[in-house]
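The following block contains the structure, expressed as structure tokens.
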Amino acid sequence: MAKSKFEYVREFESEETLLPNCWIVVRIDGKAFHKFSAKHNFDKPNDLRAISLMNKAAACVMQEYKDIVIAYGQSDEYSFVLRKVCTLYNRRKSKIMTYINSLFTSSYVYHWHNYFNEKKLKYPPCFDARVILYPTDQNLKDYLSWRQADCHINNLYNTTFWNLVLKGGLTPVEAEKKLCGTVSSDKNEILFSEFDINYNNEPEVFKKGTILLRKKLTHTNSDKYKTVILPFHIDLIKEEFWERNSEVIQMETCQKYEWPEDLPLPDLVSSQLHINVKNKVDIEAD
Amino acid sequence: MAKSKFEYVREFESEETLLPNCWIVVRIDGKAFHKFSAKHNFDKPNDLRAISLMNKAAACVMQEYKDIVIAYGQSDEYSFVLRKVCTLYNRRKSKIMTYINSLFTSSYVYHWHNYFNEKKLKYPPCFDARVILYPTDQNLKDYLSWRQADCHINNLYNTTFWNLVLKGGLTPVEAEKKLCGTVSSDKNEILFSEFDINYNNEPEVFKKGTILLRKKLTHTNSDKYKTVILPFHIDLIKEEFWERNSEVIQMETCQKYEWPEDLPLPDLVSSQLHINVKNKVDIEAD
Amino acid sequence: MAKSKFEYVREFESEETLLPNCWIVVRIDGKAFHKFSAKHNFDKPNDLRAISLMNKAAACVMQEYKDIVIAYGQSDEYSFVLRKVCTLYNRRKSKIMTYINSLFTSSYVYHWHNYFNEKKLKYPPCFDARVILYPTDQNLKDYLSWRQADCHINNLYNTTFWNLVLKGGLTPVEAEKKLCGTVSSDKNEILFSEFDINYNNEPEVFKKGTILLRKKLTHTNSDKYKTVILPFHIDLIKEEFWERNSEVIQMETCQKYEWPEDLPLPDLVSSQLHINVKNKVDIEAD
Amino acid sequence: MAKSKFEYVREFESEETLLPNCWIVVRIDGKAFHKFSAKHNFDKPNDLRAISLMNKAAACVMQEYKDIVIAYGQSDEYSFVLRKVCTLYNRRKSKIMTYINSLFTSSYVYHWHNYFNEKKLKYPPCFDARVILYPTDQNLKDYLSWRQADCHINNLYNTTFWNLVLKGGLTPVEAEKKLCGTVSSDKNEILFSEFDINYNNEPEVFKKGTILLRKKLTHTNSDKYKTVILPFHIDLIKEEFWERNSEVIQMETCQKYEWPEDLPLPDLVSSQLHINVKNKVDIEAD
């Protein structure tokens, strides 16, 4: 049973290394989540528990891999951005891709019951992953803008579709037919005239998706701080976002945020956190 | 918020396609399982619950992906072998690698409580994955033989090490020092003379690891059958294994196995199944 | 001018290694040879000087790289087949691809005047190259058969087209129109009825392209032999070819061929060589 | 002889596409040029004919591929830099790499006699090629600086070595031993004290290698101009080079250079050209 006789098979392994000095994006994506969300009776058009669980799983990944400077999630997908100078696993593509994907999946199943309580997970969900390299800061910003624009477009469609079905009494086929060929303004008009909904007033988390950033929380006049991962549901397409969170691109130390005096510094990120946080420099409104 | 302005970023995505007509091996491997097994008090040198959970997770993967004709697991790793002619996801490397890895991870966490009962999972475990191509049947057999030889070598070492520590009263450092430079026969001798253990009598599942094969179970004189995934703890290095399970390499329909009349055909693979199964052609003894 | 300050740029280099145990095919292909052949007044439909030069350049490559066991050329392309077990340049893809391509190009220009005499080369020709891996012997045979079938189809078309233009008085546009939608039998019929040409009697070098093989030449009753590269213009699609030249796939020592007593053993391969050679075992008829 | 039966083999071809928005460097390198230069009695330590031929071959490549904005050569190597936005052959790696390598090789052999006159080329030379991507302008400048620093280091060594051998009467082994462990200042001292050579006064083409740039030549007060490829033997490590030739990085239209009134605008780049050229903005001194 000499191992050495067979060890030649190791030569068939190969290892792709990611080009240095490029932003590394790992995007994970749910497999057949249309079916998965139906089987688990997700609220339509958006299920806040499901979104919070996605954010939790993503925060677990970001907690483990300090090279991730920003993450963006919407629907059943999440993008993780690793610093250009990152040398994690010597930039081996498979290692980075599969560890991040596996930890996300694992965290999703592990934390399920914290978000869905009594509702049991009926079968193990599954995510794929891909790695994309972006050579410049502008390419990276455009990538994230692409995903957020996609979020907006899909959410406007889904919000209109499900109102037509759930409140308007249309069958899914009828709703689909009605929306076929419509532009954004048409959908806004349907929502307003038929369901008295002003799309602009819909929750930001649905319209913008979730941005995870690493920030330092501190109490007023305190030297102590805690580095946590905070969720934001704001516009990242405008340049303003990148100016206010300049540490992402500059790869500087992350910013300090003031934390309410009457609350202890939190241990873990939660999707509710940001509601209470007031940034010293008043970054976000939500 | 025009999506099209940003869509150029898709051109940065690339897709590697796996060479046709080669065996595809996806090997997953636990991240820091030394620490993970310590944190969860796994039995030493082998924890049957942990092994059964690995087998269960692997069977879930094999159940989902019919292109997998054989899987082999030992320690915290599992290898899945996809047929040479497999066209799954058009042989896109990332898709195959990450879906299999994600589903394995997901199933591991999902089924944890069925194997560890009261013992809670303390944090989400994580696995990496790699893809390896083997052009010939012999290369593939040698790959699996390499992993099984590795299982044997590690198990003999671990069995001796942990007997020295748990029964022999040595510290881990002392045990390591004592085993340094020893060959197989030395370890067999230590086990026999010091602990009255004949290594040959150790459980096959520890010495051989687990082979998962797809087989058809049937009752005597019945036309009905059920295709299930069965675990085997037998030698795959000898050519005999490949002759008896010729459907693996030949990619033929899998074999029929006789199932005890007094038992209903099982619904799911379990690590206990094989104990009761008697193959019509008397393949395995365990 | 410290070199070390800049040496980090080496980390951006990457090296792809070709999967072991696969046949390596390097196919080179002329760039814009339609224009090149027009500028140099190549005979139509086939120019024997141009073909001989291609064969010469390919033989130079084969002479240099002993791992090449067979080469096949037609039109402005040549395929070189390296042994499965070849470890040339540690199977680094770029090295193998570019050295073979460069040496072919270099030899083509270097030997031009030996084949075209007074006719000067007007500008430097250019070839691209690609590498393809084939896991099995059958895949390799099918690859070469594909190229030879391509040679036949193109040559039948070109022979008919140029007879229509050169002897039939049609313009190229008219000839193209006439051949549009025709099948092989139609073209055979046009050649026979309009130009009294039996396509089967056309030279084998045009219909079959050129196969280069390494053979040992020897005089009768002599122990001495010379290993040379011989051109064959025979069918390689039929299994007979592979049986008679079994050393190609088997990677055995190449065969001995009897060389006429009244001729000295030749120093260099030439496209005329095979005309005089009588193989002891009567391999080829041409 | 149905081609279609074999066409499945095309699926084994794969195509790597180069990451967009990165500088593409193709570096070619002579195979066994130590032997090649010995066989052709190249002058030592530098042969001006050989350098001029390398420059000519590189200029032919640059003439054909307009995406090349700068090329740098020294010894038996040449680096070609293609614009970040280049879409040549859809950025297919093999195509770009092999076409450039083949055209360089072809031009080298084709133009040999123009530089070596009576001295015949004894056998076809051969070059390999590799492709390297650089995401930022600084990475690219550092790459070229690395090659130029390498040129300087090698030239200082070779100049000292060959003076010791040719004028100092040492054997190559003795010269090598004498230089072992020496630093730059030691070699400068040997050249000065033993051979009365001030290294600083050595020809710039030897010390700096050759930079090829595309420039517009024009006569004073003329609207007409001619775009030509000009050789420079100047320092590119200092930022000044990049300021004066800002079109390289900025990818703007190339600069106008004044051409002597008494000379016709030249048709082709030559290594002598730059000697006569006076840049309007006085860029280079040589």
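Each chain gets a letter, A, B, C and D, in the order it is written, and its residues are counted from 1.
As a working rule, a contact is a pair of C-beta atoms (placed from the backbone, for glycine too) under 8 Å apart; a residue touches a chain by one contact, two chains touch by 3 or more.
Because the structure is predicted, anything quoted here is derived from the model rather than measured.
Visitor: Touching subunit B and subunit C alike: which chains?
Guide: Shared contacts of subunit B and subunit C: A, D.
Visitor: Measuring between Cα centroids, which chain is at the maximum distance from subunit A?
Guide: It is C whose centre lies farthest from that of subunit A.
Visitor: More C-beta pairs touching across which pair, A-B or A-C?
Guide: A-B
Visitor: Can you give the whole-Å distance between the Cα centres of subunit A and subunit C?
Guide: Whole-Å distance between the two chain centres: 55.
Visitor: Which whole number of Å gives the spacing of the CA centres of subunit A and subunit D?
Guide: The answer is 48 Å.
Visitor: Whole-Å distance, subunit A centre to subunit B centre, using C-alpha means?
Guide: 33
Visitor: Would you please write down the residue numbers of subunit A that are in contact with two or more other chains?
Guide: Only 12, 16, 19-21, 133, 139 qualify.
Visitor: Which residues of subunit A touch subunit D once you look at their complex with the stated criterion?
Guide: Its residues touching subunit D are 19-22, 133, 135-136, 139.
Visitor: Note which residues of subunit A are touching subunit B in the complex, please.
Guide: Listed in rising order, the residues of subunit A that touch subunit B are 1-3, 5-10, 12-13, 16, 28, 31, 60, 94-95, 97-99, 101-103, 105-111, 121, 123-134, 139, 142-143, 145-146, 149-150, 152-153, 237.
Visitor: Please output the residues of subunit B touching subunit D within their complex, sorted ascending.
Guide: Touch list, subunit B to subunit D: 11-12, 14, 16-17, 19-21.
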